[in-house]
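Just below is one structure, and these are the notes that go with it.
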Amino acid sequence: MNIFKTVLKILNKNKFIVILYSVILISFGGINMSSNETVDNFVATKPDIYIINNDVNKGITKNLIKYLSDNCNIVKLKDNEEAINDALFYRDANYIIYIPQGFREDFLSGKVDEIEIKSSGDYQSSFAGMILERYIKVAASFQGISDNEDDIIKGINETLSKKAKVNVVSKLDTSGMNRATVYYNFASYSILACLVYIICLILSSFKKPEIQRRTTISSSNYKSINRKLLASNSMLSVILWAVYVIVSFILIGSTMSSKHGAIYILNLLVFTICATTIAFFIGNLVNNKEAISGIVNVIALGSSFLCGAFVPMEYLPEGVLKAAHVLPSYYFIKSNEIVKTMEAVDSDALKPVFENMGILLIFSLLFVVLTNVVSRKKACS
Amino acid sequence: MIDMFIHNFKYAFKTLFRNKPLIFWTYAFPLIMATLFNLAFSDIENKEKLDIINIAIVDNEEFQQNIVFNKAYESLSDEKNEDRLFETKYVTRKEAKKLLNDGEIDGYLELKDGKPVITVVNNGINQTVIKYVAEEVAQAIFNQEEVKIKDISSSNLSYTMIEFYTLIAMTCLYGGILGTYAINMNLANMSSKGKRVSVAPVPKIKVILSSVCASYLVQIIGLMLLFAYTGFVIKVDYGSNLLMIIVLALVGSLAGLTLGVAVSSVFKTSQDSKTGIIIAITMLGCFLSGMMGITLKYYIDKSVPIINKLNPASMITDGYYSLYYYETLDRFKMNIVSLLVFSVIMITISVVSIKRQKYETV
Amino acid sequence: MENIIEISNLTKIYSELKAVDDLSFNVKEGEILGLLGPNGSGKSTTMNCLLSLIKYNEGTIKIFGKKMSPDSYDIKAKIGVVFQDVAVFEELSVYDNIDYFCGLYIKDKKTRAEYVEDAIKLVGLEDYKKFYPKKLSGGLLRRLNIACGIAHKPKLILLDEPTVAVDPQSRNNILDGIKKLRDEGATIIYTTHYMEEVEILCDRVIIIDKGKLLASGTTDELKKLARIEEKITIEVGKVDEKYIDIIKSWDSVEKVSLNANLLVITYSEGKNNLGNIMDYLNKEKIKYNKVYSERPTLNDVFLELTGKELRD
């Protein structure tokens, strides 16, 4: 029985699955293709807001809107309350400001009207709140200083124009690194899902009782058969790894050619090795073909969600991250996150990355040993 | 005839319920996904709130002498202050640089010739806030008067709820798989079991109706499990209108079930391919209604709303969203009507193709 | 006897293939009619037309004297069908499967319970009532398949190749069961490409090929068509060509062939053939081992009618 040929046949039959997971990965990587930001200058983050002006668009009110427009992004929305509410819920706009009717008139007569707002409650909206408050505070301090509205506006703007100087020290291409991290984190899902699925299918074809019996009585023992199967499956894994690396060069570009890029690629290779041994272990454990797609989804989705392949690690609850330490994906993604913010690539900075790779290799070894234990037990029974 | 209905219903129910892959996909998988969603998303919204920002101030002579800056940052870093923004370390410039490089702080402030200079590693919201506050202090705005701002937003603003709503939608549409089973077991051109039913002295449409009802019951039980789990254990908020929550669940399941029935009556392929078709349609529908990225649904609603109106997954998601977020039922009613129209179209397609009594081949 | 089924001029054309070609035959009450033909000869298509499962191009079909149509529920109620593929629910036990299909015919629960037990007994599945189909061997599965089709005690039973890939024990059980059903008063159409079964089981046989009726009659009547009376097979050592030519020249001998060490002689007449050939072999001192004498089979009939073997 030519093991490698059989493996290729099974792969060919199931190429749709490989293509599916790869397309998901590529479209996910593609969505995050925002343009390169320059890193030399400081660019202030602008919260997304929407203004409903019920007052005249003149004088002090007009100046308020101008100030907000300078410091925030004004999103374009259909001018109805439902569209505004939807935008707030889906965080298209973080802060909605309703300028009341007669705001300007009341201001000039010494009164500051209450302003209604809607807020999404996140940091962007808090910042938008700060910007609005700033203007009102400054404006209020000029109230009554002059009868001339233009003088008041001039005073307000002068005060508000005092700027702080900002130095940006990083030389890191943050957006490129971000994209690479998102891509490689997500690749852990595609690789794990693909490999577990395909390898389980391959093994289940080899583990049919009739064939199992034949191989058990044949001259080669279970260890050598496992070794041959592992070799042909590793070949698959390496091909998959290479394809995903090539795709990353196409999608992300220059970042991948840097030292940082090399670490991402190496890290993925180590993870691919580990994923292969996991797939091999599961394939040996599970004989039921029907159950494979269920198991693949639970394992791949589970470890991807818990380890931050989909939702960035910084957003995961502490408890989940602690529990994730038992999963290999955690160490892979953790390394990617370290590389993302690594200023200088030197042995000091790389130490934790190599430690994580070491842990992944220990995991691989563990799964190989477990696989042999399982198949020995099965061969005996 | 009612005897026949009950007899077939009983066995159809038993058959579906004992089908392990079927029960996994329609019962267990949504529960697993709900658990994963909960673990992954439960903290996102908290972490998106403006947190205390770690900064350092270069404690040089100029800073020590500038009372405005001194007092302002003391107050902004005061643990007792409700509007506290910073956790501030007063250090030398060298130390500040190190803290910044180690990622301990987001930026540091230094006064040079009376002007604040901020040093940060990269762009971001925290960095912007550091800059903005330094400017505010430099502008010397100390108006103690409270600014009158009234927050009139709804308190139900948790957008991660959408993830769970798409999960309900997914479960409703996965019910389509049950629908394909109900058809396949009864049509002569689909399975040999169907041939048996066709040669029995019973009207085909009645047997099918009875099987479809059994599928619906299996589906509803699964959905109720999911509601119980997400509602009581995970504490997903479905709003307070219990009756409407149930109505939407029933109508949504109907849309999923009829989709499966229609797919199964129109396409003459194996059960596995039909299951594949339903899963593909469901995943596409859920993708468009925001399962893999909540904002996608919003952008489709905003730019090409017709796509979501035709997408039952999106209508189910939107229905729960409107029960959660909106006080009036206008939008909800539109969702329900759209789902009902979808179901009627699916039923019509099914009836037309099932009504053919004889086939060219079996 | 009354005709239970009357088929006249039935024609069914799949896009290019004429699957059934102007076929006419009747089935009489209480008989087992064998429908014999190789794979793809149109047997199953004929069955499907009979049951109104598929459209046919021409012809009329009457069952119990009435025209058959998809909603002839009164006719359907009296028919039991066992299809070629095993059609049972994996998720239901043996008992539940039979009860489910029986329930499509028999509404009364008590009667049904009796009928289901009878069917189980008939096919000999008493020990497997609670088993699920996955745990049954191929033969037992076939028996279950039959029980599902006949549990409602139909007057007319159609069996489509019920013994394909079945072990000998199950096959005997199935054939016995079918005889029992006939003895209880059912009329049976039995479709198969196993001629041995037809010979054991059927009162009357119809041979079809390429959708056409080739011959019909009792087994004996059909065998006369073969123009052979006897076939003698002899295991021999070496035989010289000249002896074979001599044997060929005998009047009653139709054909002689020597394959490896098997000498096969077919006779058109059947008197004292065995004695004659034995005498001849002894006289010429030709050594032989075993000798078989056979009457012609339906395979020979089929060979005669079509020039090809029944089984390929």
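Labels for the chains are A, B and C, by order of writing; each one numbers its residues from 1.
The working rule: a contact is a pair of C-beta atoms (placed from the backbone, for glycine too) under 8 Å apart; a residue touches a chain by one contact, two chains touch by 3 or more.
These figures come from a predicted structure and were not determined experimentally.
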Most central chain, judged by mean C-alpha position against the global CA mean: B
B-C or A-B - the one linked by more C-beta pairs in contact: A-B
Chain separated most widely from chain A, comparing mean CA positions: C
Distance between the centres, which are taken as Cα means, of chain C and chain A, whole angstrom: 67
Inter-chain centre distance, chain A versus chain B - centres from mean C-alpha coordinates, in Å: 17
Whole-Å gap separating chain B and chain C, where each centre is the average of the chain's CA atoms: 61
Where chain B touches two or more other chains, by residue: none
Chain B contact footprint on chain A (complex, rising order): 31, 37, 39, 42-45, 82-83, 85-92, 96, 98, 112-124, 126-127, 129-134, 136-138, 140-141, 159-160, 162-170, 172, 174, 290-291, 294, 297-298, 301-302, 305-306, 310-311, 314-317, 320, 341, 343
Complex interface listing, chain B residues touching chain C: 3-4, 7-8, 11, 14-19, 185, 188, 191-193, 195-203, 207, 357-362
Residues on chain C engaged by chain B in the complex (per definition of touch): 14, 48, 51-55, 70-71, 73-77, 79, 81, 83, 85-92, 96, 99-101, 103-105, 107, 148-149
Sites on chain B touched by chain A in the complex: 20-21, 24-25, 28-29, 32-33, 36-37, 39-45, 47-51, 100-101, 103, 115-125, 127-129, 131-136, 138-139, 141, 143, 145, 147-154, 157, 159, 293-295, 297-298, 301-302, 321, 325-326, 331
